Amino acid sequence: MSKNEIIIGVIGAGRIGKLHVNNLKNLQNVRVKTVSDVFIDHLGEWFETSGAEHLTKNYQDIISDPEIDAILICSPTNTHTTIIKEAAAAGKHIFCEKPISFSDEETLEAFEAVKKSGVKFQIGFNRRYDHNFSKVKSLVEEKEIGDLHILKITSRDPAPPTLDYVSTSGGLFMDMTIHDFDMARFISGSEVVEVFAQGAALVNPKVSELGDIDTAIISLKFANGAVGVIDNSRQAVYGYDQRLEAFGTKGSANVKNETESKVEFLSEAGVKEDKPLHFFLERYNDAYIKEVKEFFKAIKNDEAVSCTFKDGIMAQRIAMAAKESFDTGKPVQVELLDYVSIK
Amino acid sequence: MSKNEIIIGVIGAGRIGKLHVNNLKNLQNVRVKTVSDVFIDHLGEWFETSGAEHLTKNYQDIISDPEIDAILICSPTNTHTTIIKEAAAAGKHIFCEKPISFSDEETLEAFEAVKKSGVKFQIGFNRRYDHNFSKVKSLVEEKEIGDLHILKITSRDPAPPTLDYVSTSGGLFMDMTIHDFDMARFISGSEVVEVFAQGAALVNPKVSELGDIDTAIISLKFANGAVGVIDNSRQAVYGYDQRLEAFGTKGSANVKNETESKVEFLSEAGVKEDKPLHFFLERYNDAYIKEVKEFFKAIKNDEAVSCTFKDGIMAQRIAMAAKESFDTGKPVQVELLDYVSIK
Amino acid sequence: MSKNEIIIGVIGAGRIGKLHVNNLKNLQNVRVKTVSDVFIDHLGEWFETSGAEHLTKNYQDIISDPEIDAILICSPTNTHTTIIKEAAAAGKHIFCEKPISFSDEETLEAFEAVKKSGVKFQIGFNRRYDHNFSKVKSLVEEKEIGDLHILKITSRDPAPPTLDYVSTSGGLFMDMTIHDFDMARFISGSEVVEVFAQGAALVNPKVSELGDIDTAIISLKFANGAVGVIDNSRQAVYGYDQRLEAFGTKGSANVKNETESKVEFLSEAGVKEDKPLHFFLERYNDAYIKEVKEFFKAIKNDEAVSCTFKDGIMAQRIAMAAKESFDTGKPVQVELLDYVSIK
Amino acid sequence: MSKNEIIIGVIGAGRIGKLHVNNLKNLQNVRVKTVSDVFIDHLGEWFETSGAEHLTKNYQDIISDPEIDAILICSPTNTHTTIIKEAAAAGKHIFCEKPISFSDEETLEAFEAVKKSGVKFQIGFNRRYDHNFSKVKSLVEEKEIGDLHILKITSRDPAPPTLDYVSTSGGLFMDMTIHDFDMARFISGSEVVEVFAQGAALVNPKVSELGDIDTAIISLKFANGAVGVIDNSRQAVYGYDQRLEAFGTKGSANVKNETESKVEFLSEAGVKEDKPLHFFLERYNDAYIKEVKEFFKAIKNDEAVSCTFKDGIMAQRIAMAAKESFDTGKPVQVELLDYVSIK
């Protein structure tokens, strides 16, 4: 890209859409021209201080705006592939929140559209950009831990979402564990080839009436021979529990939780430290900023994005395999993607 | 028991037999009369300072000695049930190292013999007597963590055993993970009803030629609805890794590794602390002492033992189910024991 | 202040002046109009991207600019009081880096000038705005630790400054410990009434030829009866060591060092964690931002500043007393300020 | 010593005397023949299970018993030097609790008596035998931390002693800090040449009526140029706080507190760990055992003791200097001992 400034449109102004717009305000050489959302009446106050220039109910205003270079898709999952295809056809670079869709077919169609158009496409696996996890990634890649044998991921939310949210979320594996599936691939540098999922609706039994669960243990087998396990809960009363351990022939690298302060308080009741940071906004804010910066850098320098369409597809396939495993009570193989790299 | 002193015979003077004899030397009101082992030529020097009185090649000298109150079975696993049946018939109280046997049938036969004779029988799951794990047990039992949802156990040895050892060990699940299966039952207070095991010979590929593995992830489902996972490796280069996490509706209790010192060293290279204690002798010595004390207390006061025959049977059945799961690639149900409590 | 935007002039574009300008660039409703420095030839490249509008060799361009609301004094200490008096006379609000001066008389003259003019004056004790230390401040204030008995501060730099720097720094107590003296007053909520200082040039003996030291232990007695101690070194090879402990009748609150990551690495060599963050730029960047925000808030709302002229004077007096104690080998009383609060 | 067994007499059966007798019961080749105490009526029950053979009101029964090889002096401080002189004259090896006396003259007289008789004499500074502190000692000695610059010792009791105890204790410095003074010499490998003490009766103001204090900060200057500080409190509500930091040119070694378990509990209220171990019995029991073992080893092999008469004298002189410093408000020089080594 020859010009210096990237002009952005953001589709969807829910929790994650607002988060991105708020972060973009502080970035150099980025201009948020238009934000769209199907419901805009309640957005007035936020929009005032958002730094964005236009607010519209119609995302086509963004797609059809020749000045806009790139779009961020933060709308509900079931709208993603349609928007991706239209945006790709219009030559817009695309940053898309996870998951791409709930269907492998639709995802692959969108993938073809992107491939054909040649636009950049980055999927929003923000945790890859966390300083702790990327440090472990390096330790694994540089063989500091030797050969990876066991990968363990703990990922627990502080409080369960509403039942309304659950009913349209695509289920625990697609909505929440998908981040952990991506971390498993990212840290190991290998594909997940088999998955076995156990779980139940232990936090709220009503979740099972919606065909979903809120507590899970998912065993993984990697192409490189390593094994792994993810454990999830929708409710860790002590905060957002985000830990990881990569164990190998030469040692083990662990990520412990981040806390608000480094203050330790000793009293008759014991020694007390801070809980883990409350939730993703607190825990991963720097990572959210870093991921869009990387996206913009890829656009400017015409480089490969750091989190690709393939990464989106594979995490999605593992999530589907996990769901099938849970439903059938059996381990399920994950179909690998015959992938032709797109820049 | 009316008399004050308990007279002991120890069958098997390998690593674990010696460990027990060494510990017994410092206990009050306990007298080790006889130690037997099939190979005694090399034991002379150790025996000198062992505090034991007689050394014999023939364990029948112990079984038939009317003065001996109780025996500790520390011989190879394939001798256990025969000795148990003979000892029970001779009216000796029995402390037996894990596992009881490699066969459910033989184990149940031994169980019947013990039941009939009315002697005390305690199985050597020493980790139950560790101060850390028993504290977590209390936190779970007293519902300090609320209802248990997820139980995680990490159990890794510092260095792999010889291939000779592996070939007669009964395999990873029966030899090593059996401790973790017992911990799963102990901490949760619930039965393991399903097990799914993944693993490979990653530390030493030759292990697979013996039909065994050295690295494993085992998923568990409990009768009370909770889920669990155990991860094992035969080689953690940084020491004996023995951690556990019990996660529930009101919080989470974690056991971290014990270390040799509380010294922290800061230098240009980073902040360094001690590795976990090297292996089971260092990590669990207090627990080994406590378990035999509890056994003697049960004998003296004619009380129920703290780790029962049933505990031995069930851990063994989970190990067998894990092996079957690994062999078939499918989750396996664990057959529960229709158990009539014996005092 | 009725208008929304505060217009700023920054005097002195050394390390700390640049730091402030860089931070101001990202603040809302703040405009850095002019930066002055006696040497500007080498500043071109930095100035380009600084977000500031004008660069001048003459700080009078700032003092005399009617559009400028507030100035940040980041020039060498020996210029502070002159600039303060001129800025106060010109009606500019003043943020001044520590120490105010090397002389109690000059400082009090500047104080009178500020009092007379009625401008805001804030002194740059950035550590007050650190999230960890302010949390301990709250725990002390709210009597969570009961009555304070012992206050301990560790403050060590990662590497010594040049001898050139040392020769004009005012000495260890005035240049470095002054921050700790302020923390002692801030956390305790009490005045330091006696100080006893021991120390030596242990890191670099040449420092003693300049009449200074680089290693010190300073004992404190507080007006409220508590005791305290500060230890300093100009060279902690493992990083910037910034710890604090407030011990009282009901418990103790400790601040541990901040680190770059929460990654722990276990290997045969031991368990390794990150060193403390390297130096003040890394450790206190958020605090530097917060202190100027608070300054601007005080201006806008015509409120009392959060770190007052008195705080500057008292820290300076304690530093002078510490120097006298070190020179005479005796404890020295600190003269309290008969202070009339200025808003 | 040619014979294998050492026969012991223990003078004084208060808290510390009982502790030693209880520990001796489990040592090999040690026989506690006689225990003396001026009050023996209440000792019956304890004596029953103590493993000691005789109980007497008259310590002369021990001094005059030709069978007894060595005595442990655990009686009140004001009886120490008389007993030492008598025991030395009778050719008994002597282990003496700290402090030797409250008077430098009396201590030197006892020293001369010991020197003349040639018996072994060990002073009871148990902390030297703690695994943590001795590890730091090694790190300092082997220059792992480079040259020592700063030594910090925190030593706080969990609860204050009775006023009765305080009135005969010799004061905080002689009773409690004396251990820290010894640690300062032990860890640094250098003599303390100057001391400055600040403090107050903050825990219990009545303590000041007895001429004592319960909270203190003591600054130290070492012969090798390093500086140090000790902080004391008679009441740390969270437990026995025993920490130490040795800071030098190449790094820093810290001893953190020991805890009962390694269990961490996370809940809505925060992350909680165990308090430090309650008091000296819990914290230093292994060290108490190790120190007498070392004493017996020195006797058997006719080797130098590991904690000498000189160590007793010097700690006492630092305590006296600290008292003088507190009383006069000035730093005080410590008179070094012109010491002729005695084996």
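As written, the chain order gives the labels A, B, C and D, with residue 1 at the start of each chain.
Here, a contact is a pair of C-beta atoms (placed from the backbone, for glycine too) under 8 Å apart; a residue touches a chain by one contact, two chains touch by 3 or more.
Small disclaimer: the values here were computed from a predicted structure and weren't measured.
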* Can you name the chain that lies farthest from subunit B, using the mean of each chain's Cα atoms as its centre? -> C
* Out of A-B and B-D, which chain pair has the most contact pairs? -> A-B
* Report the inter-chain centroid distance for subunit A and subunit D in whole angstrom, where each centroid is the mean of the CA atoms. => 59
* Roughly how far is subunit A from subunit B, going centre to centre by Cα mean, in whole Å? -> 43
* Asked: Hey, how far is the Cα centre of subunit B from the one of subunit D, in Å?
  -> 41
* Please set out, as single numbers or ranges, the residues of subunit D touching at least two other chains. => 236-238, 250-252, 266-268
* Asked: Contact residues on subunit C for subunit D in the complex?
  -> 147, 149-150, 152, 154, 156, 194, 196, 198-200, 202-203, 215-217, 219-221, 225-229, 231, 233, 235-238, 241, 247, 249-252, 329-331
* Asked: In the complex formed with subunit D, which residues of subunit B make contact?
  -> 26, 131-132, 135-136, 139, 144-145, 250-258, 260-268
* Which residues of subunit A touch subunit D in their complex? -> 236-239, 266-276
